[in-house]
Amino acid sequence: MNKKPLRIGLVGYGFMGRTHSNAYGQVNHFFDVAYRPELKAVCGRDRAKVEAFAARWGYEKAETDWRALVASKEIDVIDIASPNDTHAEIAIAAAQAGKTVLCEKPLGRNLQESRAMADAVEKAGVASMVWYNYRRVPAVTLAKQLVDEGRCGRVFHYRAKFLQDWTISAKVPMDGAGLWRLNADVAGSGVTGDLLAHCIDTAIWLNGSIAEVTAATETFVKERSSAVTGEKREVKIDDASAFLARFANGSLATFEATRYARGHKALYTLELNGENASIAWDLHDLHRLQYFEYSEDSRLRGWRSIHVTEGEHPYMKQWWVPGLQIGYEHTFIHQVADLLRELEKGKPAGPTFRDALATEYVVDAVLRSAQSGHWEKC
Amino acid sequence: MNKKPLRIGLVGYGFMGRTHSNAYGQVNHFFDVAYRPELKAVCGRDRAKVEAFAARWGYEKAETDWRALVASKEIDVIDIASPNDTHAEIAIAAAQAGKTVLCEKPLGRNLQESRAMADAVEKAGVASMVWYNYRRVPAVTLAKQLVDEGRCGRVFHYRAKFLQDWTISAKVPMDGAGLWRLNADVAGSGVTGDLLAHCIDTAIWLNGSIAEVTAATETFVKERSSAVTGEKREVKIDDASAFLARFANGSLATFEATRYARGHKALYTLELNGENASIAWDLHDLHRLQYFEYSEDSRLRGWRSIHVTEGEHPYMKQWWVPGLQIGYEHTFIHQVADLLRELEKGKPAGPTFRDALATEYVVDAVLRSAQSGHWEKC
Amino acid sequence: MNKKPLRIGLVGYGFMGRTHSNAYGQVNHFFDVAYRPELKAVCGRDRAKVEAFAARWGYEKAETDWRALVASKEIDVIDIASPNDTHAEIAIAAAQAGKTVLCEKPLGRNLQESRAMADAVEKAGVASMVWYNYRRVPAVTLAKQLVDEGRCGRVFHYRAKFLQDWTISAKVPMDGAGLWRLNADVAGSGVTGDLLAHCIDTAIWLNGSIAEVTAATETFVKERSSAVTGEKREVKIDDASAFLARFANGSLATFEATRYARGHKALYTLELNGENASIAWDLHDLHRLQYFEYSEDSRLRGWRSIHVTEGEHPYMKQWWVPGLQIGYEHTFIHQVADLLRELEKGKPAGPTFRDALATEYVVDAVLRSAQSGHWEKC
Amino acid sequence: MNKKPLRIGLVGYGFMGRTHSNAYGQVNHFFDVAYRPELKAVCGRDRAKVEAFAARWGYEKAETDWRALVASKEIDVIDIASPNDTHAEIAIAAAQAGKTVLCEKPLGRNLQESRAMADAVEKAGVASMVWYNYRRVPAVTLAKQLVDEGRCGRVFHYRAKFLQDWTISAKVPMDGAGLWRLNADVAGSGVTGDLLAHCIDTAIWLNGSIAEVTAATETFVKERSSAVTGEKREVKIDDASAFLARFANGSLATFEATRYARGHKALYTLELNGENASIAWDLHDLHRLQYFEYSEDSRLRGWRSIHVTEGEHPYMKQWWVPGLQIGYEHTFIHQVADLLRELEKGKPAGPTFRDALATEYVVDAVLRSAQSGHWEKC
């Protein structure tokens, strides 16, 4: 139990600040790894709030300038969980300061920022990781295993969508706590960078690189009030985004994300159709994997619903017993567990900034195609 | 196409009269059998209605006394689709007249009538069949195949229920068109003979004989108006009935039926748990079979939902193409198809009256146990 | 019961010949309409087969040249259920002969043929109907009711797909019985005209006209043997087709069809997301409609699964009782029932050739966009 | 953030020791309560293991004799998570020492022990709580709200089952780590006390007291080896248990539990059918509640699947955002949160030992009826 400390400096105390902090606190309760996260400092702009957050989660210090974290000799890891417009600047500074850099997805607001981030960590020779947490849903990791074992055979189709409905009301304001996602200056883009980025990351992980896309975006509510100033402002993000894609392996794909699909809260679904088997998954029941295997006896063919709670399922030996499901935040715990495991071996736990940059190329092509009206290479 | 005629005399033009007539009309369109049903006569108490029925379905004659059918030399088969209180008398007379006798389930109103019916057909040496149509749902027939192939291994559990909600309102009257099921004098019993009889028939077919039961029945609405006379009368049927059972093979079972399960229209579900595999089915999606097979790779275990629409599935080659489902009335068509096929071979298509009597013994034990408060042998 | 005859001449005795014939035979058993289809003649190229078909389904005559049907004075309706390459010629001739013309979907092999067909029936002043049968699935008709009642509000999204897996094997030949769908000369196109046409028809019916599309098509198996000659030939149809669309009402849509989605037999799904409610449907469980209504009490919001078997549901009063489902072929019976009902009123039961032409414009735009790589107007 | 400490002494470091410890560690991260659990000591029989557990979960001390915890002045709460045969002795001693006593379910091994436990805490005037964690599944708590709001109306039916399959193999030994549940001397009973106890607790909570039962139990594997000594011994627990019940409110119920239902890992399902609404829930998808409300428009009636992840749903405001599910262990965190909240108000968070005793009366009646073969009062 003499675990080595890994000293964390967290930037951002919002939704993602909570998921990351929880992961740091929980990982050693469930996973046998040589490292132990030490919560050295958290940084946020509102002093009272950041202090309350530090007290709640056990951070030793609360700061209001992220530069204090980057400069601190007591910190090994800078973990960026603040809004998108801060990612590039902090990440690059942290890399230059020799820190391991973890960053919430997406990388930057655009391809330029993202590329600079990936270059910076490589130039500095520091480890990096992007929190594409859905790779660590046990059912999704199982999907990856099945694909890697060659069970699907030649892949013909991939389809993914991420459907929400929380911005349908025109009364939802555009700024203010937690609402920066509706502000293009802060977020970079709308659902393309926010939701489709998740879909694209998993897709590339499971099915390889995406060659080209044709896309459409839509902004259904054109004007929203600022929660800060009260004045009406033009909405510049994409409320919805859909694209067709061709993967390098020849498979054809459809992707869609929106915040205007009434009835769906966070319905991220994916499906891959191969010659011999197909796989489907759904975030609303994240502990299940749907699997169809072509069998000789046609009477017995059917989609099976795998309740991914067996000890042999990825990550699940560490949790409870078969039949008892885990939830959303566990994906972040798994990501930290992998990070700590890989640290022992001296290699990075993906996705690195370079890995994540692949998604940004696709995001960029989607946004370009939505403007140009024709296919764009990724 | 020179098919041999099988001359039908139908008694009853209600719901079941329609399903049987449809089956007679459809069977030769889809199944290659040597016989062709000829609709010679239909009998009912209301002349105008029975004539309209005859015209609609193509019966040559309409009668108001079933004895005319039994006496007719132009009729080979007497098919009884009238209320339960008529089954025994008609069946026995038909058997004595040398007719093949088909009867809607249950056999009689009670064990005594049922036994007399089974004895009568055997004494007369005539063929008999009871319309336990759910055996001919392709998914249920597939379940039977899988059990018979030994795929399940030793059976530990069986459970079945049949849930409806159509009599919850105390305003539903007790007599009148289609409502004789609420009148114990006509029906014999309530849900035990009406719904549980289906569950028991399938259970015995799939899992062998039932040794003993302990039961509870309930009448939730104690009084209902007669739709005929308007006066209030005591309700004497069982509105709900549940029982525990031990099968001869040592498996333990639960059964339940009710017309007071809000939200369920005709939810007949069954499940069998064996050492190596389990099977489940649900009338509300009758074209699917749920199947779980214990596999070596624990990662891949899961209940599979088999869409029973392949050409290799029972009866389905005769219908459409994979993915295109059939409905309720097809089960009757299958029953007639089997009847005609077996006729060529000179053997009866089950369940015969004798087969169906096994269900009546269980029904009787259930009703006895509900009175006695202890286990009763079947 | 003195029903007026409607004298039918059917061209084609394959899969669709069966569904149509069944509909003609069943409609008067279940629906109270003033007309009665009379099966005067069926036409097919193989004399033995067409005669067997006529005997099985009760057609008075069997012919091997469709011109005999068009010329016959004993026929009111020419119903075209033969391969796509015959549609235009027969339909135009039938119209010119003053017949009511019914035609399996799609209209012609391409927009040119389809337009000529629509023009011909209008010029001749005859009634026409295309068998887009999925409009008459009770659940889909219910969806139409709910949309027309304004329950959904402003529509943001529509998505549909039609997934099959029957041509994955490269051994499936290209011609021969029932396989003309793989031959572009006969079929016109692949899944775009075959499967997407269904999706587009329903979409336009539910959500109005489609303004523009961007599309991708793919042919996964490039060469197949002819079942007739045995020689290898290039496959010219689209095995898969996907497109993004903008409807005239501003909603954004995704569409996809393929015969390479392992595990899906005939999975036609559709979903519409409106401001106040969403609707989803799935052909594999065609008797259910998924419905989400935004409610005040956020605790009670949820997708409800409506078992479309109530007497108040479209068409269902004519069938059985709540909980007892119907199947695929019933959609054709409903279409004939509507045809006969409307005939009494002297107006056409949609979709007419003109209505169906709207789908062909979209199909054409999809195929053009798949070539051009940019958006195409419909 | 100046939270008051609540000093915990935990007995047992197995599966339940982990769930409780996790709850103590997590509660203040997510819930705003005035108390903070302090992990003072954990006790277990194996020194090395208990020390490792203490280190992992942050207990200050590790002990091997529970009397040390009961005697300690530094401990406010004795939490019993050790095997059933230790519950009564520890609980009674802890109560006598003036501690708050928490105990894993069931109370004792039998009614006698359980009654003594309830009496002891009341005599000592100390607070008590039993970890019937499933009451704190948000979907189940929501069910309780809906029932309490009178939405269901008169209740006709209740049904529950808890199906597992982990002891099917006769090779599973009878003693040894985690296997004491198969040893009647330690466990008291088999699935009746282990699994049905959960079903009964929730049932009474939702639907009131149970008046009488008739039951059947079964031991499918009669002999198992001891993992400790290797010798074969008779299995004395019930492998399966089923019963019919009448509630005080007149509703009729079925209950079943087994460890021989192939394909089910921990399938605890419950359903309540009321005059106006029905409710169903399933542990395998614990974040969903199925709800059917009788509505005026029969076209729109259907079971809705409520994804219980809204801020207005019980406990969920403290977690993530709509659509993101929680898992099994959260139910224990909720229980501790309620315990700490109620502590502020000076009243116990149920179920107390007295509350839990109601379940033991039913368990006892079930086991008695399984012997007597007739109905037993609870």
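Just a few scattered comments:
So that you can tell them apart, the chains are marked A, B, C and D in the order they are listed, and the count of residues begins at 1 in each.
Operating definition for what follows: a residue touches a chain if its C-beta (ideal position, glycine included) is under 8 Å from a C-beta of that chain, and two chains touch if they have at least 3 such contacts.
Just so it is clear, the structure is predicted and the values come from calculations on it, not from any experiment.
Between the contact lists of chain A and chain C, the overlap consists of B, D. Averaging Cα atoms per chain gives one point for each, and the point farthest from that of chain D is the centre of C.
The interface with the greater number of C-beta contacts, when C-D is set against A-D, is A-D.
With centres defined as mean CA coordinates, chain D is found 35 Å away from chain A.
Separation between the centroids of chain B and chain D, computed from CA atoms only, is 42 Å. In terms of their C-alpha centroids, the spacing between chain C and chain D amounts to 54 Å. Chain contacts: chain D has residues 264, 301, 303, 307 touching two or more partner chains. Interface of chain C with chain D (complex): residues 142, 145, 289, 291, 293, 297-307, 310-313.
Across the complex, chain C meets chain B through its residues 1, 15, 19, 21-22, 25-26, 28-29, 52, 55-57, 164, 166, 264-267, 283-288, 307, 309, 319-330. The residues of chain C lying in touch with chain A in their complex are 156-157, 159, 161, 163, 165, 168, 214-216, 218, 220, 240, 242-244, 246, 250, 252, 254, 256, 258, 260-264, 273-278, 292, 294, 301, 303, 373-375.
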